[in-house]
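Consider the two complexes below, in which chain A is the common component and chain B and chain C are the respective partners.
Take a look at the complex of A and B:
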């Protein structure tokens, strides 16, 4: 079942055509990787999908319903949540309280929100950090906290922006385990990730952006051998240089 | 000439470089390639003395550089042409070039140096009185390289000199790198244009998430299917 889809999405910043005619969809129980070189437009697409940035043209649908005019908070309430590449915890409160704020979307009881938050922390492996103040935590922990805050809103669709940056290999493996668990639970996950091994391994399908446009879509195996993708990553004449 | 041993750099607890070892021999062009965030620019910044948090060893002509100030390193003849050119936008081309001759050992030779640079890069001579911010991208890159050469380098480090340039211009800029080498200067070339860079380079290193994962001659690296894997992850 398609959870989130875009059709002909466009965004210009002045003279820069940051996103051009991008269409893709992601289904319940699917992990979609969104990859591309620096400046390809990946994070801008997340901004458009989550409503933080308004698109100039195109359609975004959540569960079949057009949400183009919806605010970010309305989208979040409808089950669409994003994380930020530069993590944004509330610095002066504890890890548990950070996550409880996300959980308050679904309950008016603070006690219930705390219980929900504790459960989420258990899932992401942060239970032992619950009472620590968020500021000053190591980056690996802050990345997981960012995911936990998103999870606490009980999303159907998660847009995860570089959640593995700065993680050590065992933490990357744990994060991949968590993503697979989310998939099993029926969430639709869109993943922007510079750790290519991780994103190519965990994604069911991969969409490749370059200069704001979609240049390929398919399984990791397919796109990794696509000549347009290889040019985007390794330079224009990598293929021809190989022949000499 | 340059021998880097077990160089590690941490930013905010994250390892940007991990036990990187690299050698550069006189008159070589050594390419350093790798995906975004692999640590290429960090490597150059560490060599240039711009980082306080590097550990390991960077030895240049037998002398340890780690812990030295950036100006002392330029004084030893290691010159860094940064990514994105970083010209002085409101100085003319010629004034930008003079700025390069700031180190003592270059200052006395500056008149001869600028003649040599104008001879090698005639476009800069044509544009000598023009403000740097009115140059095209390719011309700006040439000006940045020219400014680097004004510091009289033994080892010139170019960080993504072809960034944002059309393919023809990119090839032209890399040809300049080849000319510089033929005049006796050693080069480290950090590039996203992997095909072009490895075709030109004598040897290359592939960085992946802060570690050297492959090293070989340029030609053999190009022929190796693992190179694509280093970028694509599978």
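Take a look at the complex of A and C:
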């Protein structure tokens, strides 16, 4: 079942055509990798999907319903949540209270929100950090906190922006285990990731962006052999050298 | 590893009662035993300022929307009830509620106009609204009496909210403070409180988690304005005279903010600690030093406030709590 889809998404910032006719969809229980070189427009696409940036043209649907005019808050309430590449913890409160703010979306009781938050922290392996103030935590912990906050809103679709950046290999493995668990639970996940090994291993399907446009889509194996993708990442020369 | 969220959290929920209950008892004991009018005057003034600062703290502290225009709401409260009393003979108890409603509506309008402003831009906008209120109070003579001000006749009666003794007024001010603190306590524990803190920390991150920060901010500023206006009515009924400088002046707006900053911004006890230090200090200095040269008490007052802020930069409450925790940890 398609959870989130875009059609002909376009965004211009002045003279820069940041996102150009991008269409894709992600289904329940599917992990979609969104990759591309730096500046390809991946994070801008997340901004458009989550409602923080308004697109110039195109359609975004959540569970079949057009959500183009919805605010970020309304999208989150409907089950579409994002994380930020540059993590944004609520700095002066504890890790538990950070996650409880996400959990407040589904309950009016602060005590219930704290209990839900504690459960989420167990899931992402942050239980022992619960009472620490979020500001000043190491980056690996803050990345996981970012995911925990998003999870606490009980999303149907998760847009995860570079959640493995700065993680050590064992942490990457844990995060991939968590992603697989989310897939089993029926969530749809869109993953922006620079850790190629991780994104190629865990994604069911991969969409490749370059200069704001979609240049390839398919399984990890398919796109990694695609000549447009190879030249986007490594340059035309490398691609033509491979042919000889 | 399990996270304790029940027992310790419940203990924390009630922790504030450990100072609210003794503080209330101490005030009542003071009111029952002390007969010195100067001391009682300091108590009434302190309680009123504590209530006004607690109201300011809701939007200025918890939501981090630093306002230096709250005199507008204070003035609306003071002028509305006083005008209705003087012209229509309406009881200030009712006039107080009408003023509170007007202030809340004004706050909604101002909040809607300043939605997109953050940081120093928001502060500047509130400064402008405070200045407008002062100008309106000065030139709208038919309602405010202009710079001549309005005098409330001294005819003690409960319905007119005028009391012959200071004790009655002290109890009224204490009751108001308890209502404001109780409201802030409930909000702090509620979804609204969590939303305000999330907004203060990071608006975009909060909205990404579905927090309706705009709604939360507007509700907070309305409640804040409502209680500030009620403080305005009580101030008018206590001093029996109001003019543009006393109820819409910039000094009120700066003073409520200063009390919170000294006591601890965004904490329940902060405004009360701040008022308990600053207001008696200002009164005692004025009494002790006014004969030794005009303005000297203000200089000493300023120096002492600066010293407190240097010693306890997060405010009295949070800074002391940190030291107690650090001492326990060792």
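Worth pointing out:
The criterion applied here is as follows: the second predicted complex is superposed on the first by the 241 of 244 C-alpha atoms of A that agree within 3 Å, B and C clash if a C-alpha of one lies under 4 Å from a C-alpha of the other, contacts with A are read in each partner's own complex, and residues count from 1 in each chain.
The working rule: a contact is a pair of C-beta atoms (placed from the backbone, for glycine too) under 8 Å apart; a residue touches a chain by one contact, two chains touch by 3 or more.
Predicted, not measured: the structure shown is a model, and the values here were computed from it.
In the model built by aligning both structures on chain A, chain B fits alongside chain C without clashing. Here chain B and chain C are compared by how many residues of chain A each touches, and C touches more.
Of the two partner chains, chain B is the only one touched by A:220; chain C is not. By the touch criterion stated above, A:45 is placed in contact with neither chain B nor chain C.
Applying the stated contact rule after C-alpha superposition, one finds that A:234 touches chain B and leaves chain C untouched.
By the touch criterion defined above, A:115 reaches chain C but does not reach chain B. Overlay on chain A (Cα): least separation between chain B and chain C is 21 Å.
In the superposition on chain A, none of the residues of chain A is touched both by chain B in one structure and by chain C in the other.
Residues of chain A that touch chain C in their complex: 50, 52, 71-73, 76-77, 81-84, 88-93, 96-97, 100-102, 104-105, 108, 110-111, 113-115, 117-118, 121-122, 127-128, 130-131, 149-150, 152-153. Against chain B, in their complex, chain A makes its touches with residues 37-38, 138-140, 165-166, 194-201, 220-221, 224, 229-230, 233-242, 244. Against chain A, the residues of chain B that register as touching in their complex are 12-14, 35-37, 167, 191-199, 209, 222-223, 227-228, 231-234. The part of chain C that touches chain A in the complex is made up of residues 1-3, 5-6, 9, 189-191, 193-195, 197-198, 201-202, 204-213.
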